[in-house]
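Next come two complexes, and both contain subunit A; in the first it sits with subunit B, in the second with subunit C.
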Partner chain A sequence: MEIKPGRYTLEDRNLNFEVINEFQFRNRNECFYLRGGNGFGKTSFLEKIIIPALKTNNIDYLYIGQDIRTQLYTLRALLSILGHKVFNADEFDILKLWIKHSQSAKFFILDEFDKYYSDYGFIFDWSNKFIETYIIVTHLGYNQMEASIANYQSSNVRFEQINFDGRVKNIRIKKE
Partner chain B sequence: MTIYDLDSILKKYEDDYLIIDYNHLFISSSIREEIWLLQRDDDSILLEKIRDQAQEFNIPEVDYDKDFDTYSGGQKAILGCILVISMIKNKNIKGIKLLLNNILESLSDDNRSILSNELQKIYDSNDVEFFTYKNGYIEKLFLENGNKTG
Partner chain C sequence: MVIVKLGIIFLLAISFFWLFVFGPFYDQLAVQLIVLLAVMGWNTIRFSFRETISLLKFCLPFVFTLFIFGLIFHFTRLLGREDWLQDTFIKCSVFPSSLIFLKILLTYITYLDILNLPISMKKRVDLITMKSAFQKGGKILRRFSWYLNTYSYLKYDNRLKYALMKYACLIIALYLYLYEEIENSNRLLKNRYQHFYEVNK
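And now, the complex of A and B:
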């Protein structure tokens, strides 16, 4: 899958993205970090450009959004419908069970998940047998990111940081 | 392991905190409504101060009636903090404990630094103490030089 270079306009958020390099997903062992200022459109880019592209390409994905509270309620209900006894399960158990049931997914998108768990290596442990590409929105610095995924990093993964820079109305996305 | 179970944390600590929680930032849908709820009155001067302060955080298009859902997650966290800081200043509230839950982690480095400076000011002027919730514990937040140090 790829996101082609060019200008992407999101009218409802009053955002324009200029993708100056193509996003070429190799679909194996890769981890993209999206960093940038508040309001620069990282989440909008995920939800309006990357996720629609995944849908167009019929690629299954997992997505943990910023409002994990609402999502966990939904996951608890979903798992309950699937027959699991989750009444007393905590968030950690819910996430583990959900990931275990989602092995057709190839992409895993985490939007600021590190604010809930500073060390989220368990996410990789639970999913890296079937997930090929991780896309992670974070405000952590590179050293902190490296530390938080230390276990996963040892297994020949390509890491790439994508910076959102510029102003609200003129966002450029570039690979580093 | 819990993510946002503040009830159990507050029970554990048996103490009173004013909480700014990333997942429960607002009751209403706009700044004007939120101010009305907080002080049961409209306040155009306060609205203007909030708009001015938001610009310091590079939130350029603050409208009093703009729906909170049109802002990004980080911008909402900033607006939630600005509202509380403005109310503390406006009412000259002193000596409270403010618990920031998943707030600083939602901010870019620049905005975290600006917010820390603002918190430092009301720490100095209003004796407001700041705390964060991390890994099941509430920790005091030290803001010397505008930096979180632990």
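And now, the complex of A and C:
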């Protein structure tokens, strides 16, 4: 799967993305860190460009959104309907169970998961046997997490605001 | 004033149900379709087209189930009746229209209206909690649906099975959310009121 360089417009979010480099997601064991200021469209880029591209290419993925508390209701419902006992399970157990049963996934997308767990090495421990590519949105600089998935080749993707006319933001997305 | 406003809303709801759900126009399919179109139009004007579509999508599995049962009853000639199909079409139209109508009507009741009601504070708190939870619940449905679409664990080759599982998950997630939300909001509101009451005392 690839995201080609060029201009991507999200009218409903008033965002224009200028993707500078081609994003090739085909190598094994890659980790992309998406960094940039608040409101620069990192989540929108994930939800409106990356995830639809994964769907188009029929690639299974795992996504933990920023609103994890909301997502957990759906995970609890999903797991209980598929016969798992999650009545007294905490969010840690639920995530573990969900990941364990999603081994067809090749991508794992984490949107500011470090907001909830500063040390989330457990996510990699549970998933690195089948995940080929991690895409992680974070506000943190190089940190212990990057070291903990050292066997994955990491790339930094920077979101920079080119200009803002009061309504529409033009964002440059560049692989460093 | 608030009593008059709530009285009108209540009267409209009763009239709607009396006319179109239990009363004289129930078995007139053409009228039911017009009513459905009218409430959809009203919802679009009051909210948005997207909101209307998402409401219809929410109703779809229920309507579909009604339809399937209607078909089964029709082909098995249950109770010797010949009008199952006609009745099914009516029910498939009445269900979404009454749901949308009630939903629109209830949005006209504001928090201030509830506060001005001549009832005990405990009942006001309960009503405010219910309103707030259901309002949030309506908004969160789209996000729940979005998340459910991302789960490969829910994937099935059979599209019908997938849709049914997804909607079942959606309803359970909504139930869990409302249950927790009502409990939390109620506790918070009571706590605030208690604190406010004690400070004033």
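The definition used in the following text is that the second predicted complex is superposed on the first by the 149 of 176 C-alpha atoms of A that agree within 3 Å, B and C clash if a C-alpha of one lies under 4 Å from a C-alpha of the other, contacts with A are read in each partner's own complex, and residues count from 1 in each chain.
Note that contacts are C-beta pairs under 8 Å (C-beta built on N, C-alpha and C of every residue); 3 or more make two chains touch, one makes a residue touch a chain.
These numbers were taken from a predicted model, which means no experiment stands behind them.
Novice: Based on the shared subunit A superposition, would you classify subunit B and subunit C as clashing or fitting together?
Specialist: Fit.
Novice: After the superposition on A, what does A:38 contact: first (subunit B), second (subunit C), both or neither?
Specialist: After superposition on chain A, A:38 lies in contact with subunit B alone.
Novice: So, does A:92 touch the first partner subunit B, the second partner subunit C, both, or neither?
Specialist: Once the two structures are laid over each other on A, A:92 reaches subunit B alone.
Novice: Is A:10 in contact with subunit B, with subunit C, with both, or with neither (first, second, both, neither)?
Specialist: Touch status of A:10: no partner.
Novice: By the touch definition at the top of the document, which applies to A:1: first (subunit B), second (subunit C), both, or neither?
Specialist: neither
Novice: Can A:67 be said to touch subunit B (first), subunit C (second), both, or neither?
Specialist: both
Novice: Between subunit B and subunit C, which one contacts more residues of subunit A in the superposed model?
Specialist: If we count touched residues of subunit A for both partners, the winner is B.
Novice: Output check: A:51 vs subunit B and subunit C. Expected answer is one of first, second, both, neither. What do you get?
Specialist: Touch status of A:51: second partner only.
Novice: With the two complexes overlaid on chain A, what is the closest approach of subunit B to subunit C, counting only CA atoms, in Å?
Specialist: 8
Novice: For subunit A, what residues appear in both contact lists, the one with subunit B and the one with subunit C?
Specialist: 67
Novice: Quick one: in the complex, what on subunit C touches subunit A?
Specialist: Interface residues on the subunit C side: 140, 143-144, 146-148, 150-155, 165, 168-174, 176-177.
Novice: Which subunit A residues qualify as touching subunit C in the complex?
Specialist: 47, 51, 60-63, 65, 67, 70-71, 73-74, 76-78, 80-82, 98, 101-102, 104-105
Novice: What does subunit A use to touch subunit B in their complex?
Specialist: Within the complex, subunit A touches subunit B at residues 12-14, 36-44, 66-69, 72, 90-92, 111-112, 114-118, 139, 141, 168.
Novice: In their shared complex, at which residues does subunit B touch subunit A?
Specialist: Residues 1-4, 22-24, 57-61, 70-75, 77-78, 102, 105-112, 134-135.
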